[in-house]
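Chain IDs A, B, C, D, E, F, G, H, I and J follow the sequence of writing; residue 1 opens each chain.
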Amino acid sequence: MSSVKINTAGEPYSGLPPILSTLAAAKVNKGLTYDAIGKAVDRDEIWVASALLGQAKMTPEELSKISQVLGVDSAALVAELGPHWFPQRGLGPSIPTDPVLYRLYEGVLVYGQAIKAVIHEKFGDGIMSMIDCEVHVDKVEVNGTERVKLTFDGKFLPYKHW
Amino acid sequence: MSSVKINTAGEPYSGLPPILSTLAAAKVNKGLTYDAIGKAVDRDEIWVASALLGQAKMTPEELSKISQVLGVDSAALVAELGPHWFPQRGLGPSIPTDPVLYRLYEGVLVYGQAIKAVIHEKFGDGIMSMIDCEVHVDKVEVNGTERVKLTFDGKFLPYKHW
Amino acid sequence: MSSVKINTAGEPYSGLPPILSTLAAAKVNKGLTYDAIGKAVDRDEIWVASALLGQAKMTPEELSKISQVLGVDSAALVAELGPHWFPQRGLGPSIPTDPVLYRLYEGVLVYGQAIKAVIHEKFGDGIMSMIDCEVHVDKVEVNGTERVKLTFDGKFLPYKHW
Amino acid sequence: MSSVKINTAGEPYSGLPPILSTLAAAKVNKGLTYDAIGKAVDRDEIWVASALLGQAKMTPEELSKISQVLGVDSAALVAELGPHWFPQRGLGPSIPTDPVLYRLYEGVLVYGQAIKAVIHEKFGDGIMSMIDCEVHVDKVEVNGTERVKLTFDGKFLPYKHW
Amino acid sequence: MSSVKINTAGEPYSGLPPILSTLAAAKVNKGLTYDAIGKAVDRDEIWVASALLGQAKMTPEELSKISQVLGVDSAALVAELGPHWFPQRGLGPSIPTDPVLYRLYEGVLVYGQAIKAVIHEKFGDGIMSMIDCEVHVDKVEVNGTERVKLTFDGKFLPYKHW
Amino acid sequence: MSSVKINTAGEPYSGLPPILSTLAAAKVNKGLTYDAIGKAVDRDEIWVASALLGQAKMTPEELSKISQVLGVDSAALVAELGPHWFPQRGLGPSIPTDPVLYRLYEGVLVYGQAIKAVIHEKFGDGIMSMIDCEVHVDKVEVNGTERVKLTFDGKFLPYKHW
Amino acid sequence: MSSVKINTAGEPYSGLPPILSTLAAAKVNKGLTYDAIGKAVDRDEIWVASALLGQAKMTPEELSKISQVLGVDSAALVAELGPHWFPQRGLGPSIPTDPVLYRLYEGVLVYGQAIKAVIHEKFGDGIMSMIDCEVHVDKVEVNGTERVKLTFDGKFLPYKHW
Amino acid sequence: MSSVKINTAGEPYSGLPPILSTLAAAKVNKGLTYDAIGKAVDRDEIWVASALLGQAKMTPEELSKISQVLGVDSAALVAELGPHWFPQRGLGPSIPTDPVLYRLYEGVLVYGQAIKAVIHEKFGDGIMSMIDCEVHVDKVEVNGTERVKLTFDGKFLPYKHW
Amino acid sequence: MSSVKINTAGEPYSGLPPILSTLAAAKVNKGLTYDAIGKAVDRDEIWVASALLGQAKMTPEELSKISQVLGVDSAALVAELGPHWFPQRGLGPSIPTDPVLYRLYEGVLVYGQAIKAVIHEKFGDGIMSMIDCEVHVDKVEVNGTERVKLTFDGKFLPYKHW
Amino acid sequence: MSSVKINTAGEPYSGLPPILSTLAAAKVNKGLTYDAIGKAVDRDEIWVASALLGQAKMTPEELSKISQVLGVDSAALVAELGPHWFPQRGLGPSIPTDPVLYRLYEGVLVYGQAIKAVIHEKFGDGIMSMIDCEVHVDKVEVNGTERVKLTFDGKFLPYKHW
């Protein structure tokens, strides 16, 4: 299926480094899942997915492993995503329209203040870091029903008094 | 500490049914945690917090238990939040400014497309429900560091073809 | 349950004529459904609901019947909603945050162009009127599952050439 | 009429996978209606229209049938819209300017709260799914007047208490 | 003046079907006014101008006449604007910046509620259709001063009660 | 009907000088049309409506006549709307939601560029003044159908070269 | 005319310190122009007008003179606008709707880049200060026509290189 | 310096007729100031700058003189900016980010209401025209400090009563 | 000066807990600087200012010291700002209009990408924490000129790979 | 590593003069830090970074030095960034999405009013200039923890009274 064509003119690839479309196509052509790539790079699938969407920075080692597992020329990867490159993080419109993304945003609108209240009650004044944070997506089956278990596991950062 | 005063002119209480401020004050005066209230109502602390912020609808039984545990007049509760009342869900500005809430929103902007990609890979075309969804906040200690574990556990809903 | 209190400071009542909150409370206290009120006024439940939310204009006859069925003083109704009053239509933020409303909005974003394409194919260049339009919400049960059947039944208006 | 040219620089095609413009041209050149394509694919015309606008995901079987009925090379279709591709749903500006789309949006602004009120009254606290939802557009003639009957038929999803 | 170049990268042509720029150039090269074209097509000049800006749909007959009067190849016209094409109506930013357009918008902001009040007083609850509507621009001279007379002549549509 | 109550908390009265609500109530109680008031003030009905909505400035003579015809205390009128007061023009949200107002706005979006093109063709580079401009709403009956004839009659202002 | 009432619920007074409405009423009741007040305070009329709108900070001496010329209690003035108070500058919506203000805004949109180009050509890389800036409005009569001469006279600030 | 390259992909040239970039380069290569061009065209430098930015319409005579002074082919100029072309006025984002432009915008936000108040006091109800308006930028030296003197000199337009 | 009145209807106090206005008045009446209060509370002046603006959470000890130094009843302070209260951080419009605040915002727009580039070069992929961050404002005199030295001193947080 | 490819289609390079991408690549290929370039140009690293991002204007001497240190043809530099060119300052969306930039913006939202309060207390009514302002980023190690020290050192500008 070498003829896979990634739509580079639309979300989420427009504006991203072009090599990421090459990687996206290679992933399909190789028939690899994010999890499989993750195992080869020794990273979680969500981290890999975010890196392949230009939302995380790969180390030289990670770039090298990505090059191997996806069969994309290492020099080309380094030329675009090497040590000089840093992500411009944040993709898409400020209010998402895609229903998958919107549901997450809705979670912030509807449950955000409740989450804030409980974080403050349990931890005090501070935040859950989105920098020192792992994100996981697991598939769980409960009584024959598939459920998505989405986890943000972030360091609590207390506000400094100075 | 019977003199607790909830700021009803600011976020998140402005616009909400006034009885919710009474409940918020009662919670403080009783010295109860969301978890303790949750246990009395047989609900999770995040659900309780969202109900006390007007983001979930309590059944008559839940209202009755809330009345008991917080010592707020049951008739007053029913008058404002009874069977006739339904939440207007969604609190605050479309782009949150509070850093706790913003970090969650940032999670959607930065990791949303990665989450979408992995959900599609694992489940196919569909979404994680934000209606049939549980939200949990847990405190975890790892090597002496406090971490917030925020979980969205929602049913996968596949797109219908018709 | 004469103590029902409508939250007039929040959506959807803030900004609406105050008598509408009185009507809302009366509806609850009388234990009437929109359908029951509709039958008394000889109107559909959705039309009644929109009138009680200040989104439709009642004729003197309709006001009179509403006064009777809800037991609200007729003069008070006429004082606020009489022949001199016309709705300021459109409620809430331009992008809804309440999940019930947002799903409808999502329907416009996701299926709007498809609906437009089929309308043009079947009717030609024109629109579905939202003025000469009936809206219905029906409850349907399919294999033990409850489904909402929402219908917009509007006159086709062809674009004039001049 | 093999020279049909689809405007790929404007709404709704800009940003969509290019093959969709090819399909749009093929549909015109073949002289097929959405309904005719739908019958060939065993799908409703609105679903077909949304799929041809990149708002629904076709299964391999559906892609194969589309390839046959529209005479577009199957490999080209799979290359762009195959199993690796998932829609980025949501088309156009957040507040539609096209009058056909705007009328639908106006329906949400004007009748949304009434619809919400009646849904809650009939079903309780929950939403009409826009995922497990069928959309239909029918042409009805009443007393010599053409009317558009637009139906959203979606599963009711009750809010979970946890 | 065969070298007329229409700026297709800016308002109002960016996003419109490319043939419209060809028509715009042909109009200049032929030295025709909208009125002259209108007479040839048997349409008003404003309707013609809106059609040449992709804001109205031409019938095959109108396309044919436009082809003749402007000397643009009929097949090319049909390829882009034929029966398969429907306008995506609405041009430019949601708040116009061009002073000519802004003044019209200002008319809506400043006089809109007064217009609404008088329409309701004279006609009852309903709207002036923008679909079954003619728009005219006339030049009037009053005491040696040029005045623009802009007329919207639209059908009154009363709100349906159902 | 002395009990008319104007909703001062909603559009269009919130934010306007309170005496305007008194005038609005007086108009209803007196049973006067804008046209009747206009004749008493020697002004057009639309101008009167805009003045009663705080969108035009009345001269002392006009205030005096309004006082007489509506039976509102002259001193009270002068206290709020006297020579010291000038309108803050522009009412409501930047994109109107009321369907009557929206149709006018839609007229700007859909026909604005065509109007601009014809104004330039007929008058040259300049604008239609919205300051030296009359607005009229007439009711016309054509073949038994009621039509709204809305006219903007504004001075053409050519751009100065300097 | 002691009964002047300033509309404190609308632009520009809502949100400003209440004493400013008292000053505004006193100005009217005293029959003083901004220029006359300016002469008493030894300031330009525009500066005075901006101070009376809460957009400039008065020194104790200026407050004292304002107290005298307008006959407003000095202590009341100091209580609200004394040394502890600093303006929150910026009034009204981000895109003005009042036509007087909009024309100024339009000047920025239409001539801003030209002004920038000439400033750079004449002065180099830098800006015109809006802090060390005087603003004047003069009335000029040219051939029997009244013209507004609005001047911004601001220090040029060159960009620092460091 | 014949190799001057104007950045046509960024503000303010993106979206403007391409010939304007040619003119901009010619101006640099000729080493001419706006003032020098203005003298050749018999226009003010700000007017020239606005014309070269597509914000003013040149007459055939002005185009001819521009062609001569800048050495740009007259036919090319007429092809893009001839009698058929009219400016789409208004450049850049609705809230400017460039500090030079922002300071002007800040002037509107901070001093706009004061300017409005003084214009009304001196002229009555009306506006300063931005159409019959001259804009000047002068360099003034005061005590060794360079100051920008920016003048808007616009006709006063009184609101019409009708 | 016991009559100091804080404007609670405008920025920055509207929406904040009312006791903060009491504290603001007490600060003025006591004639204390933020620095003096800071010394009494053993905190930096900027931290104190942010706490008095509801942007930082005071510990019971800090509340107690604030009560003493400002002479505000301790119970009243605890009632509004006690352990149950947590800041809703973020004040004012998303794009500031006050020139002091805007200049900071302009710093982000103009120098933000340069700051990002240097942070990445010096530290790698990560951010400067705004939670574990001190903010200082110092007054420096250089050659007789007063300069503001504003410092953000925040922990570097490297992005986690997982 | 001569094959470095800068992504010119995304932030921050899209819209900037193309030569800046050449400079960015040259910097990487030469293996130079901003600090090293700064030393060669006799400028601070942050100033250099902002100049390389089109946010500062280089003098001919600075351009010449940049040409030498980065090995980019001097004529090419002058052609795009020479004396005729001035920055269009301000990069990216009005509310940043990149977490590094957002934290700075958050600093304005959360601490802006506190900074304003202390500036006014220490300096009086005025602002910190963002034009006569130096920005520095220093790396500090405190107890083994890396901290970013970001300094804005700007001239205080007092508001003029006139």
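Keep in mind that, in the parts below, a contact is a pair of C-beta atoms (placed from the backbone, for glycine too) under 8 Å apart; a residue touches a chain by one contact, two chains touch by 3 or more.
This is a predicted model, so every value here is computed, not measured.
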{"item": "Identified repeat of the H-I interface (over half of residue pairs identical), from B-C, E-G or C-E", "value": "E-G"}
{"item": "Interface with more contacting C-beta pairs, comparing B-D to A-C", "value": "B-D"}
{"item": "Centroid spacing, where centroids are CA-atom means, of chain D and chain I in whole angstrom", "value": "50"}
{"item": "Averaged-CA centre spacing for the pair chain E and chain A, given as whole angstrom", "value": "46"}
{"item": "Centre distance in Å when chain A and chain I are each reduced to the mean of their C-alpha atoms", "value": "33"}
{"item": "CA centroid of chain D to CA centroid of chain E, Å", "value": "29"}
{"item": "Interface hub residues of chain J, defined as touching at least two other chains", "value": "11-12, 14, 47, 87, 89-90, 94-99, 106, 109-110, 116-117, 120, 127, 129-131, 133"}
{"item": "Complex contacts: residues of chain E adjacent to chain D", "value": "14-19, 75-76, 78-80, 82, 84-85, 87-90, 94, 130-131"}
{"item": "Touching residues (chain side chain H, partner chain J) in the complex", "value": "1, 3-5, 7, 9-12, 14, 27-28, 93, 95-99"}
{"item": "Interfacial residue positions of chain D with respect to chain F in the complex", "value": "95, 97, 99, 102, 106, 109-110"}
{"item": "Chain B-facing residues of chain D, complex", "value": "43-44, 47, 56-57, 59, 62, 86-87, 116-117, 120, 125-127, 129, 131-134, 157-162"}
{"item": "Residue ranges of chain E touching chain F (in the complex, touch as defined)", "value": "11-12, 33-34, 45-47, 49-50, 53, 55, 89-92, 94-96, 98-101, 103-123, 127-130, 133, 135, 137, 139-140, 145-156"}
